[in-house]
Structures are given as structure tokens and as C-alpha cells.
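As C-alpha cells, here come the structures.
You will see two complexes here that share chain A, one where it goes with chain B and one where it goes with chain C.
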Partner chain A sequence: MTATQEPTARAEIGRDRRRKEDQRLITGRTRWTDNITLPGMLHLAMVRSPFPHARITGIETEAAKQSPNVVAVLTGADLGEAQGACINAWPVVPDQVTPAHVPMPSDRVAFAGETVAVVVARSAAEARDAAELVEVDYEELPAALELKESAEAHANGGALAHPDLGTNVSAVWRFDSAEAGTGGDVEAAIAEARENGIVIEREYRQQRLIPAFMEPRSTVVDPTGEQITVWSATQVPHILRFAMAATTGVPESKIRVIAPDVGGGFGGKLQQTPEEMITFAVARRLGKPVKYTETRSESLLAAHHGRDQWQRLTLAATKDGHVTGLKVDLLADLGAYVAIVGGGVPVLGAFMFNAIYKFPAYQFQTTNVLTNKTWTDAYRGAGRPEATFAIERLMDELAAELGKDPLEVREMNWIKHEEFPFTTVAGLEYDSGNYEAATARAKEMFGYDALRAEQAERRSRGDKVQLGIGVSTFTEMCGLAPSRVLGSLNYGAGGWEHAEVRMLATGKVEVVTGASAHGQGHETAFSQIVADRLGVPFEDIEVLHGDTQISHKGLDTYGSRSLVVGGEALVRAADKVIEKARPIAAHLLEASVDDLEFSAGRFAVKGTDQGMAITEIATAVFAAHNLPDGLEPSIDSEATFDPVNFNYPHGTHLCAVEVDTETGQVRLRSYACCDDIGNVINPLIVAGQVHGGLVQGIAQALWEEAVYDDNGTLVTGSFVDYLLPTAADTISFDLDHTTSPATTNSLGTKGVGEAGTIASTPAVVNAVVDALRPYGVHDVAMPCTPERVWRAINSGGSGGETTEAAAPHFDESEGAAQ
Partner chain B sequence: MTRINLTVDGQRVADDVEPRMLLVQYLREKLGKTGTVVGCDTSNCGACTVHLDGRSVKSCNVLAVQADGGEVTTIEGLAGEDGQLHPVQEAFRECHGLQCGYCTPGMIMQTVDLLAENPSPSEEAIRLGLEGNLCRCTGYHNIVRAVQHAAGTTGAAEGASA
Partner chain C sequence: MIPAAFEYVAPASVEEALAALAEHGDDAKIIAGGQSLLPVLRMRLNAPEWVIDLGRIASLRGVRDGGDHLAIGAMTTHHDVGQDPMVHEHALLISKAITHLADAQVRHRGTFGGALAHADPAGDLGAPALALDATFVVQGPGGTREIPAADFFVDLFETAISDDEILTEVRVPKYDGWGAAYEKFVRIAHQWPIVAVAATVRLEGDTIAEARIGLTNMGSTPVRARATEQMLAGQPATEEGVAAAAALAADGTTPPSDLNGDADYRRHLATVLTRRAVLAAAGRG
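Now for the complex of A and B:
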């Protein structure tokens, strides 16, 4: 028995491996849910309400039922309790007001786009044709649309999103550092600053956004086996299975959920959706496989939206610019229902407004409000982009008030690298970081001083195109999450992750993870981790995920958790494989366990050339002919990891924009960022996550907004009007990293999935405002469209609301699409 | 129903189709060519891009009957018969020009057309040439690198070691 395997030539971790996932994706051999076709499969089309709030007084389905190849037309009353319910997993306060959420209501609709009937036909086209024939009678009700008005409706008789609840306020959640014992009294700090210091008071708008993943949602349900199999374009197969079982009474063990290839999510697919529940109910009722695939307009209309807050902010500082207090008062629009994370999204921001700064006193309050609009939930960053935007805008305002460089004011107030671990005024312990190093590197990459000089020169000669420089020194909490912390916040589930390593007889390795990728590259990055840990070739590892029959246990992918929680579970499972193999290796090598060393995939007997590869042990275990007495013939292992803390990536982002002061046009000039995300598993994948994150955050600053008209109709209901950036709108980015390894997982990694989005929005808006300060502008509301920038320059203020900005698609006189 | 005859990825096919059937529906539903996908319904996203008689088209914006007598190439017909990847496919993998991969078939087909027209495009020409194809994952940075790589005009992926 000698070593037959060369040690792995170089470490896999840190290597720019090309992705395992790509071969099938670049050749079109894909398994999107909508690609799935089963014998006898039927197709669904939804009939959706055009009104934001109305009583359903009648549904006439006869004409639709007579339409060619229609099998059934079903209403909420037909499906009844078999539909189950859409759950809220996070009642943020014990007395949260939570409207019941029936997937297809039979009495009243609460937003425009809610499903009131479903047509089942032999083809998708025939189902859609017949859906046009369903006649629904509505009695319109007053609709709660505007967020601020809706928050006051219980007091002034305004429209209620759900009249029987008596209020639109779902919850008021508050954190106060004096009450929590983590800091001082914010009111005292503000009072002191009013006397002897500086007080910055601002109100910012976090406009409503749409995740707009590229693959429309699709669900196929096959009820013809012993288990009901559900394929869905979801980020959360495990949570979906739990929710389906818990609300329909179908035993969890009778439901198999598969997330096949999933085309992006960004939080938008972490929902348990009405459409999934309706598809499940129809399949069970008819006993036939059924498919529902949404149109893009349905996706924009009914899949959950993100952001949508008003932020009232008060920052107190001394005259020389040291921050002394921060008070945050939010209004958060939940839409028509409290979604699965729902009111928890603003609460995820509660601990982040203080960011990297040493505020002695802090208070946060969010008022979560129900309206008759599409529900909102997690969208890339979920709560943390909103918080980061607010504080990074405020720090620029403080710098402007002081007449100092915005980076200098930040440095005066941030946590110094030697102060880690640092317990913040919000009660979190930041484990590691180095804001000085990341900032120094970002400034160098950006050419900060040269750009400031150019800015001064263009200002002095009155250039019509002004240069603006925007700063964002962000941190965030990710890696959701320590289960005990989630429990203390009243979250309904834990935050652990599960992994399993299976050692196959032929020397191949199967890795099962409870994380559920939809573009992140887990198959590649997780292979690299296991390859290093077990010393087996990268190519010999297969990562399995996204099927509850294969990966029976997991909490899925969101909140930048897959690597920092799921990756650590993987490390622990691999380590258990080694420990289970050790006594078997000793037995086969006729050596003492204490004399064995494991490295590079091989157990070696110290001081000899005797050894055995772990893959050889897997083969020996498969045969099981010669194992130590009493040992089970398996070295397969699993582990479930629950982190002790969140994870705190940070970075310094610098953005330069050119603003045409005659037209209001904003053009990106350059963007440099230095992110500290701890140790990097695959730099290629990390860069991709940062690039994509940046553009989503930049898009909030400049382009995207979900706009409703006064009738509660979403006017940005297609990609004609909801302005996703294109290649022509964006630029190439300059990226680098500093490294402060996380101390709470053994790989020292930090989350990167949301970092770019969280950091970039304030960097861009700060740049736009910076360009315009000589014009007396101190804010431009998002998105900073040319119109709004122009108005801010020419009339002051922040450029106003987006109203009826979208072009009409219908000629009202003809009532038909043009 | 209307009879159509065409060639798809080198295979001659004939079918009776409804006059309203879109080319993308024909490819996916009749031929099982599910490599080509639907992303938007309004011809904004370009995920359904294929080649019709050698030029890129958004197959959600072409009726199947309009392709009658034509030659269609989809993402599934781009690689060689021996499985040899097209240089543009290879470049997207090499430069990490895809994440979820949903826009990728359209992005690759559009890139092939772009490079046929302009074999050495500038970054600006690449960005303008891909304006009709939306990607939500990559921020376009590495897609641009992939096109440059395929064109041989530089283009190393961000994060790759030299």
C-alpha cells in the first residue's frame, strides 16, 4: 500500500478556476423550469385584477370553459383551503398586524395584479386566450396608495388596504441604544448639538425597485407519483417545501421540491408565491402535471418588489465634525401583504445605519405600512442598501457643512483597524476590518487627488459639464445568520446550513449542500473548498443542490450566506470524513492512529514512506472486507453549521460622474472600489459578483423605479418602461481587495453577493450631488434622471417625484394597444 | 395552420403552425430547442436571439411563418459537430461572462453577429452592439471582456491571474 496519488499540485482556494456550470449554459443544454415538459401536462394562465382594491362580486367562467382545449377554469372559491396560504416568517413585533394571504382570494383583491381565477388548458396559448374570456365583476374600494398618507389612515379616515384591520400600520419596531444599554441618549445628543454643534436633518426617498431577474418565474407540479414533485424557479426549495406542507396539510415527506437551473433571483425568488401555491393546488385537484410560466409583465406586476421607504434622519455632531448621535425614523411600504421576510427587511437595516462610525448614541424606528400595491420583500441587500444610502449621504452632507473632504470626515469617525473586534452602538460585534487600508487603496486606484484637481479647475472656469466625486465607505452584516439572534428577533426559522460529503467507491466525491445556487457558481467554488480539504482533484467533485430529495436539509441562498455559512458546513463535513477515515487508514496501514498525518489527500505514517489516499480508503470501505471491528462501513459525513455571528464585509467605493448642467444628463466617468471580503475562494467569481452588484446599485441611483399612477396601476409594467441598464449605459470598473479574514468561519471568508449593490448607490448619488453643490443643490432624489437633475439645478430642491413618467401604451379613444 | 419548411441547426424540419406562432415558440415548443429562452415578451431583453439566414434576430419578434424557407441557427447549433465550442462560447467561459446563464444564449448569438460585422470592435462599439441584450447578473463588465477576448482585442477577465 503506497501512495498512488500525487498530492494536489497547487491550492484550489484562491485560484481563478473557470466555472463548472458554464459548459451547459453556453451550449443551451439547460434545465430552466419552463423547459420541462411532461406527458399530458396542462398549462395555466392567471386572470388578474386590474384594480388595486376591489370587492369581487361575480366571476363568469362559462365562455372560458367553452374555449378550445380548456380543461378547467377555477376560482378562489373552487380551490378553497386546498390553496394553503402564503406565510410571513418574521412577525417583527408580537402584535404585528398581518392580513391573511390567500393565494387566490375569492372576495376581495388588495393590489392590481392579484390573481382571481386560473384557466387550465392543453397549451399555454389556449389558456391565455381563454383567460381573456373570464368576466369578473368588481366593486371598487378606496385604495391606500401613497405611503405617507397610508401610514396616517387610521387617524384621519383615509383608505385602508384591508378595511377589517382598522389600520395600515403593520408594525412599529424600535431600537434605542440608551434602552438597550449599548449607547447614550440620542435626544440628549441632538439637543446638545443644536446648542453647540452641528445637526443635519434630511429626508430621503428609497424608491420602489423590481428585482427583475432575467428568467421569469415558472412552476411545474407533477402529482402523479407517490410524492408530488414541484419544479420551481426559486431560491428557496427547502423553505418552499416547508411552507407548502405547513399550509396545505400535505405531509412534508410527500412533497419534493426541485430548483433546477434558476435564472437569477436577487431576493426576488426567495418568496413562497401565490402562483406556486395555485399551481400546486390545481395539479392536486386535476391529478395531472401542470405548468405555469409568467409573462414578463406578470413578473413585474406580481413578483415582489423591493426598497420603498421614506427615511427621516437626524445626525448630530460636534463643531469639528465628530458624530455624537443618529436618529432614524423610517416609513416602509410593505405593499398589500406581509411577505415572507416582509417587515423584517427594514429591521435588517436597523443595525446598519451607524455603519462604520463610532456613534455614541443611536435610535432607529421603522413604521411598516400596508398599501394596495404589490408586496415588497428582500431585494439584493434587503435593508442594508437603504441604511448605507442614508448614512453615506449624511456623512457627505456633514462634510459639506464643515467644508471638509468627505473622506477626511469619515476617517475622523470610523472604527480604527486596531479597535477590532468592535462592539457597535447597535450592539453588533464587528470581527475584523481595516477601513484605512481599503480607503488608501481605493484612492490610489481612482486617482482621487487628480480628479479633485480637475473638479476644481472645471468649477473655476464654469464648465457646463461638471465633475462630481462620490464616496461610499460601507460595511454590511450578512451571512444570515446566527439562529439564536434570529430567534431573539422573533424570526420564524434558524440560520444554519447543512452539507454532506459522500465518498464514492470509484474515488469520486459528491458534495451535497443546502444552499441553492441561481448563478453564484457554487458548483465551482464549493468544489475548490472540498478539493483542498480532502486533497482530491477539483474535477472529481460533483456538487449537488436544489432538490429536497438529494439535499434533504437546508435553508437555501439569500443574504450572502452560501459561502460563509454553507461553506463552513462543507468544511466541517469534509473534516468529519477525514476523521472517520483515520482509524480505517491506521488499520489498513497497520499503524497507530497517532502515527498518521493527513495532508494533500493522503494518510502517511510518520517517518516512513507508507501511506494511503483517502480515495483508496473510500474504495476499501465500499468493499468493507477489511475494516476495524465495530466500525460502520462508511466514511460519508454530514455537518450542520450555525454561525456565532454575522459577517461584516466592507469597502471603499469611489465614483466619478460628469453632469451636463444644461441637459441634466449624468454620465459615469469612472468607478473604483476596494472591497475587504476576507479570504477569496475564487477571484473570478468574486469579481463577477462585485460587477453585477455595482450595476444593480448604480441602477437604483440613476435609472430604475417602479412607478404607480393615481389609480394604483403599475405603469412600469414592461421592460419598455422599467429601465434596466444596458451595456451601453454602463462602464468598466476598477476593482481590488484588501484582506481582513473573518474570525467567525475557518476559511476567513466574508459575503460578497450583496456588497456591490449596498455600496454603489450612495457613491453615485454623492457624486451627482457633489457635481452640483456650486449650484446650491444638496440632494437629488433617486433615480437621478436628466429631468430631475435639470429641475434640481434650475429650481432647487431634489427634483421631485416621478409622476406619469412612462409613455402611454394605449390610445384611450381606441382602447387598444398601439 | 400554415405549412413551413426550414433548416434549424443544420436539420431540415417541416411543420404546420398557427400563423400567430412566434419563432421562439416554434423552436421551444415544436422542436424542443429549449436552449433559446424567453425573457420579456416586448423584444427588449434579447434572451431569445437566434440567427435567421446569418443575421441575429429576436425570435420573439419573428413569426414562425416568416422563417419559412430560411436557415435558423440557435445556441444549440453553434458548436461544431464534434462538440468543439465556438470561439465566442469559449470566450464567455474564459472571461466569466455569465452567471445565471439565462441571457447567455442571446448574448452569445448577438456577439457572433456583432463580430461578423466588426471583427475588431472598440469597447464602445461592443457596448452599443449589445444594447439590445439585457443581463442582470454580470454588470456587463465581463461580457465586454469576453467579446474583446473572442475578437482578439485584449480582454482578460477581471479576477483572473495573468
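Now for the complex of A and C:
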């Protein structure tokens, strides 16, 4: 038997492959959850509370039940314990205050938008019509709305989000480098700097944001088979199955969760939602398939929100600008419930405020606060954008105080490339990086010196349009996560990932991954990895994911983990295939195992022209006619990889903005970034991640904000008022990469899913503030609206509050013409 | 996003539409391009029993030369009005405003008359129509009547069209040789204007002979900046000549306060944007 297959002509890794999933995604030929239609399927509509905090005193469902084609109207009392519960998987401290989260409460609502009844009808339209006929009587309760006030409510008799708990403070989580033995005493450092150095004290606001994924959330549940099948637009099918089983008593083996093609998530679909649990409960109760798809308004109102922190920061430095200490004190708004990882989001930032700098002393504390607003949880970056924003704003403030270039001050303080691996004051070991190289490349792309010269020229002639240059030299910890570290933080699960490689009889390859893609391009990138590893054509590889009966083990996709954790699992599974095939190849080639070399998909006998393709071995194993004695007839393999460390991409981002000082309008002028994400599997996918990530981060700086009024009503309840940018609002970005391979996975890759979002927000705000420094401005609150910028110029401060009201653009009056 | 059920009728003539309106009255809503009505129905802010669609009435579409004016059919889409060479020649301000109106999809579905009858003070057509002293032709059971622009906009979403009438045509006097500019201020491209200024000017040499200025979203209706208009007449078309007059643009206005800016900020914006719009209209921008 001789090899007939040509070796793969060129390496797949590093190639700009167009995404194999895009043909079905962008032509609409795929099936999203809402496209799924089952025989006899019923449709749900939710009845939601208009009040942020109220006792439910009565629910009148009779009129709705009489509405055409309504099958049932169910309340929390009707479903009872069958609804299960929404779990918090990360109690950040042992005594965390965690309100019970019943998917559909029967007695009290804790945020505007919470579901109090569900209507089941033969069509979605009939369900919606009948939902309007459900009459709910509420007795309004005082609502905890403002974050700072809510944090003190236990002491001053303010409103409690959950009166029975006696406090709104869910947890106080603290890290201190002196206590941990990773650094010095921050108070001593600050005291010393007050005497002989520089102390920068600032308070920054991380506004509340809404993860506005393209596909609204949707769930279909079919209870008619032996297993209950759940299709859901989720990032986390495996975690959802676990949570459903754990809280409803249905055996995990009787639940199959499928995340079909999912239209984006950004953390917003990293949740076990009340809507999923209600849909599951209704299907079980009625014994029929049911579907719930939210409207966009419901998505904005009730899907979890992100960010929402106050950050009190103290940075100590010597007179010449060497940093000596950093103290961080956060207030984090959890909203009405502690979401699945809600309380952990600020903790994910705890190790990152020190960023790329060599702080000798560091202290972090977060106070997690319950309020009567929509619950908050992960949103692209989750904790790390908040940390990066704070430190990168502070480093610019330090530079301004010193009268030095912000890049110069950073360079004085950052970890030098020859110092890697470097253990930080927060106790993390950064494996690799080169901040000098990334910064040099970014400066070159950006034309840094020329823009600084233009800025000086505009300042000197008092131009009405001022130029600002913003810097962000970010790093982040991603690739969630080493299971032992998660365990030490009381996280309720591990951080491993699983993969399987199946060698089919016809020479094709099925790759199964536990990382559940929702737009990232796993099918393409993972195919490239396996193509190189096994030497089989890219087109012959099928990547399967997102179905707990196909991919039975997995921890899903979030925290820039799929490639650096899931990809490594895949490499190991592929390597096991080769090792299992090796003795079979030796047997069939009548050679010694030691004489075989595997390369480009082929086992060759050294020094001969004898050889055999691994795909041929797969066929031989399928037949199983002639295998070595005692070997199982299979070369399929699986691997579970648990990383030993996080993963630390970094980069230098430079942003130039033009600020119209007459109106406060901020216009992006140019944006250059050089990210070091180690080795790149597919540059095209990486560019897409960076572009999209940048826009999402820029949007926090300039446009997006979830605003509530004094009644606890979400004012930004549609895209009329929640300003989501489009391509028309952005510019073309200049991207490049330096390469410091990660040492903690064999591909040398680093995560890129969140990098752009984490880096870009402070780059933009730094640019806005930089433009306005001649006007005495040293901060503009986010989003940097034209009104805020104008006020900061003309009245000082950081631009004041947003008016908590929206303009009507739709006429609600009856009758009337045209 | 599913509207409540409604009955639908699509008459072939204005007379049939008026008859349907007379029959269903308060229970009916007229749909023109639907770009404002459909969101209202889908969000269930309103649930009319009848929707009367004017889309099949051919006589309501198109731009016609009326001699001393242009007659724009109420059901002409924004796109068709914006692309019309006659509009460009005789009412440049309208062409300019339409380039800023919503997005391409909306401009191909939304109608000129529908948007004006909707009377959102943040709509992009009210200020130009007011600045140009357009005349609104409405037809009702008793025949047609003409409403001057100054009387047409009554309040937020409220016009001088009676419940039993339909807007059929907007007549715009010809402003041949006038320069025009529409300065729209937004945070993101697909937003309604926070403030916008519609300005058209006639120059004699380097002097502004006449100016007409309408303000968008500076009150519950579009408003004219008459003090500015008066002061501009006879001023040189220079930054200095225009600035003092523009500073009066917000006088007497009562702009709203909302997420995008409070009333003070809007008044300030109106003066800046008026200066820029006038200079741009004069070819000096």
C-alpha cells in the first residue's frame, strides 16, 4: 500500500481563509432558533412589570384565557417550583447576599421588565394580543435605583432592592498586595507620595451598557421525546443544560440543549435566563413544543446589562513619574439579582488595574450592590474594560501632571520585554509580551509625531476644532480559565475545554468542540488547525458544536477562551489520533513504529518511498480487517485541556479625535493599533474581531448609555434612544500585529475576542480629554456626548448629567391623519 | 413586534379615501409610507381598527411645475423628491434637507406628505417647508383648501389638517438662484436631529439680500428664526456679518430637554448651526 494523497500544499495556519460558515449565515439559509417550527408548536408572550419594585397583589387572567386560540395563561404561582431557579455560579465571598431568583416571581417584582405571567397561544400574534388582556395589580414599593445611595441604604434607611435581605450590599471583595504577599502596603505608598511625590485621585463612571446582539434571544422547547430538547440562542448550551437540570430536578441526561447558529452574544447570551426557564417549564407542563422569541424592546429591557460601576482611584507616584501604588475602590451595580457570573465581573477586573505597569503596591476592593434595575453580567471584556479604562485614564492624568508625553510616562513604568515572564503585584504571571515593539509600530502607523505637531499648531492659533491624541497601552487576562484558579475564587465550575476528532471511513474528519461559537468563526479557524495537524484538506474538515448530544462536554464560549483553551484541546485530540494511528500504520506498512515519520498527513517509512495517509488508516480501521492484535478498531480521539495560566494579549492603541469646541461634537480622525496576540490562525477573522471590538469600545466612549428615569423606567428602551453605532459612524482603522507567542499553549496563540473593546474606550476618552486640556478640562464623563463636551469646555467639571428623558417620535394619539 | 389586528383598505382615489375616512373616523389611521406609523403599530403604542393606505392613489405621486411654484404630491417618496431636478433648481433647500433625511431605505419608502403630516418637530422637512413658505393643500368632504405653512404646524404631532381631510399636495414657491443649506446635528447617523437649521439665502453680490431660516426640533413645531432673517438682510456674507444675526436664532424658542441635550444646549446649538447654515447657503461655508 503506498500513499496516493499529495501532501497539503501550504500551511493553513496563518492563512486568510474566508469563513466557511458565512455562506449560510449571510444568505439567511441557516436556521436561527426563531426559524424552528415544530408540529403543534405553541407560542409564548410574556407579561412584564412596568414597575421597578412592587408587590403583586393580583393577576386577572380570565380575559386573556378567553382570547382566540389561547391555550393557557400561567403565573409564577401556577408554575411553582417546576420553573427551577436562575443560578448564581460565582458567589464571590462565602457570605455573599444572594436574593433568590425565581424565573417568574409570584409575589414581588424587583425590576421593570420582570415577567409576571406568560400567555400560551397557537400563534405568536394571538399570544401577544392576549398578553395585553392580563390585568396585574401592583402595590408599588420604594425602589433602590441610584447606585451610591443604594450602597448605603442599610445604614440610612434607604430603599432596599429586596427588603427581606436588610441590605443592598451583596458582597465586598478585596485584594491587597501586602496581605497577599505580592507587593507592598498601598497606604504607605500613598502617604509617601503625598509627602514627596504625586498623588492622582479620580472618580470615574462606567456607564450602564446593553449588549445589543443582532439576533434577539429565542428559545424552543420540545418535551415530546425521551429527552427534552431545548434550542436556545445562547452562548452556553452546556452551562444551560447543567443549570436546568440542577434547578428543576429533570435528570441532566434527559435534557438536550442545542445552540444552533447564534447571532452574536458579546456576553449578553452568557446567561441562564428566566425566559429560558419559563419556556422549559411551560413546555413540560403542557407536553407540547413551545417557542418564545423576545422583541427588541424586551431584549433591551430584560436581557442582562453590562458595566455600571463607580470607580474611586488613587495613584501614587514619585516626582519623576515612577508609579509607587494604586488603590481601587469600586461600587458595582448588580441590578436586581446576582446573575450567573454577575458578582464576579468586577472581580475579573481585580487583577488588571495594575495592567502593564510595575506597581510595587496595590489594593482593590469592590462593593457589589443590588438595585431595582435590570440585572447586570458579562459584557464583552467583563471587568477588564473597566480596569483598563481606569488605569489608562490615570496614566494620562499622571503624564499631564508631569507635563510629559503620555507614552513616555508609560514606558518609564511598564514591564520591559526582557523581564518576561513577569509576576505582577496582583499575583499573575504574564508569560510573554513586548510593549516596546507594539508601541513603536503603532506610533509609526499613526504618524504620532506629525499629529502632535498639528495639535500644537491648532492650539497656538486657537482653532475652533482642536485635535486630541489618546493612548491606551492595554493588556488583559483572558482564556478563561485555569480551573484551580477559578476554584480558589469560589467560581462554581472549571475552565477546561473539550475536543474530539473523529476520522471517518471516507477520509473526512469531524471535529467536535465544546466551545459554542456564536459568530466567531470557529468552524473556519478550527478547521485550519486540524488541517495542519493531521495534514488533511481544509475542506474535508467539519466542525461540530453547540449540541450537548454531539458535543457532550464543554464550557462554551466567552472570555476570549475558544482558541486558547478549546484550540489547545483540539491540538491534543488531533495528536492522539496520530499516536493511535501510528501502530496501525506500522502494522500495515510492515515497519517498526520507530521507523515511521508523520508529516503532511502521511506516515512514511524512513529511508524508503513507502508510506500511508492517515485517511487511509481511517479507512483500514473502519474495515478492521487487518489490525494489530489487541488494538481497538478506532483512531478517534478526545482531549480535555485545562490551562495552567490565563492568557495575556496586549497592544498599543492610538486614537486621534477632532473636537468641535463650538458644539462639543467629537469626530474620529484616525485610529491605529498594534495588538500582540501571539501567533495568528486566521488574520481575516482576527481583523474582524479587532474592528468589531474597537467599535464596541468606541461606542462606550462616545455613544451608548442605558438611562433610567427617577421612576426606574428604562428611557433608552429602543434603538431610537440607545445609540448603537453603524458603519456610517466609524472610520477605517489601521491594524497591525507584533508577535510574542504565548508560552502556555502549543499554538502560541492569545485571545482576541475582547481585545479591541478593552483597549479602545480609554484611547478615545483620553483623546477627547487631551484635546481639551488647554481649556482646563481633565475629564469628560462617558459617553462623551457633544453636550457633555461642550459643558466641560464652558462650565468645567466632566460635563454633567444626562437628561433622563427621551423625545417622542411616534404619535400615540388615536385617529388623526397621515 | 407584532401589531394588533386591523382592517386594511387601499382606495384607488382621494374620494374613496375620504369616504373611508368618513366611515371609520376616529377608528382609522391613514398610512402613507408607513415609516412612522408602522413602528407605532408594531410597538403597540396605537391600535387603530382600520388602516387606510394611500399608496394606490397615483394622483398623489410626483412633482409638477405649477408655474410660480412646484406642486409636490403628498405620496411622492423622499427619494423621488430629492432626486427631482425641478426641486433642485427651484427649491434647493428641500433637496439639501432630503440628503440628510433618515437612511436610503426610509427615503425610498417614506413620503413627503406623510412626514409633514406626521408633524414630528424633529422631522427634517418641516423647517424647510416653513422657511420656504410652502402651502399645504388638503382635501375634505367639502372640497379642497390651502393652508399656509405658518398655520399648518399646530403642536407636537398636530397639524391644521382636520380629521376628515387628507393632505394631497405641498406647493413650494420657486426660489430660483437662492443658495441653501441644511445643517443637521446628530450624535450618530441614523438619529433624528438634535437640532437642525434650514437656511436659504439670496445674494446680491457679496451681500445677503434675503434669508429664510427654519429650525428643526427647537419647539413643539418647526419654527422660523425671523429675528435672524431680518437682521441678515443687507449684511455682508461674511463670518462677521452673519454671526451677530445668527446669535438671535434661538430667541423666543422653547426647545425640549432630553437625553441628547437640554434646552440651553439646544439654544446654543441653534445659533452655531444657523451661522454655519447661512454661510454655507451663501457659498461661504
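Following the convention adopted for this analysis, the second predicted complex is superposed on the first by the 806 of 818 C-alpha atoms of A that agree within 3 Å, B and C clash if a C-alpha of one lies under 4 Å from a C-alpha of the other, contacts with A are read in each partner's own complex, and residues count from 1 in each chain.
The definition used in the following text is that a contact is a pair of C-beta atoms (placed from the backbone, for glycine too) under 8 Å apart; a residue touches a chain by one contact, two chains touch by 3 or more.
Because the structure is predicted, anything quoted here is derived from the model rather than measured.
Visitor: Of the two partners chain B and chain C, indicate the one touching more residues belonging to chain A.
Guide: For chain A, the partner with the higher number of touched residues is B.
Visitor: After the superposition on A, what does A:Ser297 contact: first (chain B), second (chain C), both or neither?
Guide: A:Ser297: touches chain B and chain C.
Visitor: Mind working out whether A:Phe733 is in touch with chain B, chain C, both or neither, as first, second, both or neither?
Guide: first
Visitor: Report for A:Leu694: first if it touches chain B alone, second if chain C alone, otherwise both or neither.
Guide: Only chain B is touched by A:Leu694; chain C is not.
Visitor: So, A:Val715: does it touch chain B (first), chain C (second), both, or neither?
Guide: After superposition on chain A, A:Val715 lies in contact with chain C alone.
Visitor: Taking the superposition on A as described, I'd like to know which of chain B and chain C A:Asp129 touches: first, second, both or neither.
Guide: The answer is second: A:Asp129 touches chain C but not chain B.
Visitor: Could you say whether A:Glu21 touches chain B, chain C, both of them, or neither, answering first, second, both or neither?
Guide: first
Visitor: Please write out, lowest number first, the residues of chain A touched by both chain B and chain C across the two complexes.
Guide: Dual-contact residues (chain A): 125, 295-297, 718, 720, 724-726, 728.
Visitor: If we count contacts the way the header does, which residues on chain B are in touch with chain A in the complex?
Guide: Residues of chain B touching chain A: 18, 20, 25, 28-29, 32-42, 44-45, 47, 74-76, 78-79, 85, 89, 92-94, 96, 98-105, 108, 123, 126-128, 130-144, 157-161.
Visitor: Touching chain B in the complex: which residues of chain A?
Guide: Residue list for chain A touching chain B: 16, 18-19, 21-23, 25-30, 32, 34-35, 37, 123, 125, 212-216, 261-264, 266, 295-297, 518-521, 682-688, 691-696, 718-720, 724-728, 730, 732-733, 735, 756.
Visitor: Mind pulling up the chain C residues that touch chain A in the complex?
Guide: Going by the criterion above, the answer is residues 1-2, 4-5, 21, 25-30, 32, 36, 39-40, 43-46, 48, 54, 74, 113-114, 117-118, 120, 122, 156-157, 159, 161, 163, 165-167, 185, 187-192, 194, 217, 256-262, 265, 268-269, 272-273.
Visitor: Considering the complex alone, what residue numbers of chain A touch chain C?
Guide: Interface residues on chain A, with respect to chain C: 124-125, 128-129, 132, 295-297, 662-663, 665, 702-703, 707, 715-716, 718, 720-721, 723-726, 728-729, 785-787, 790-791, 802-818.
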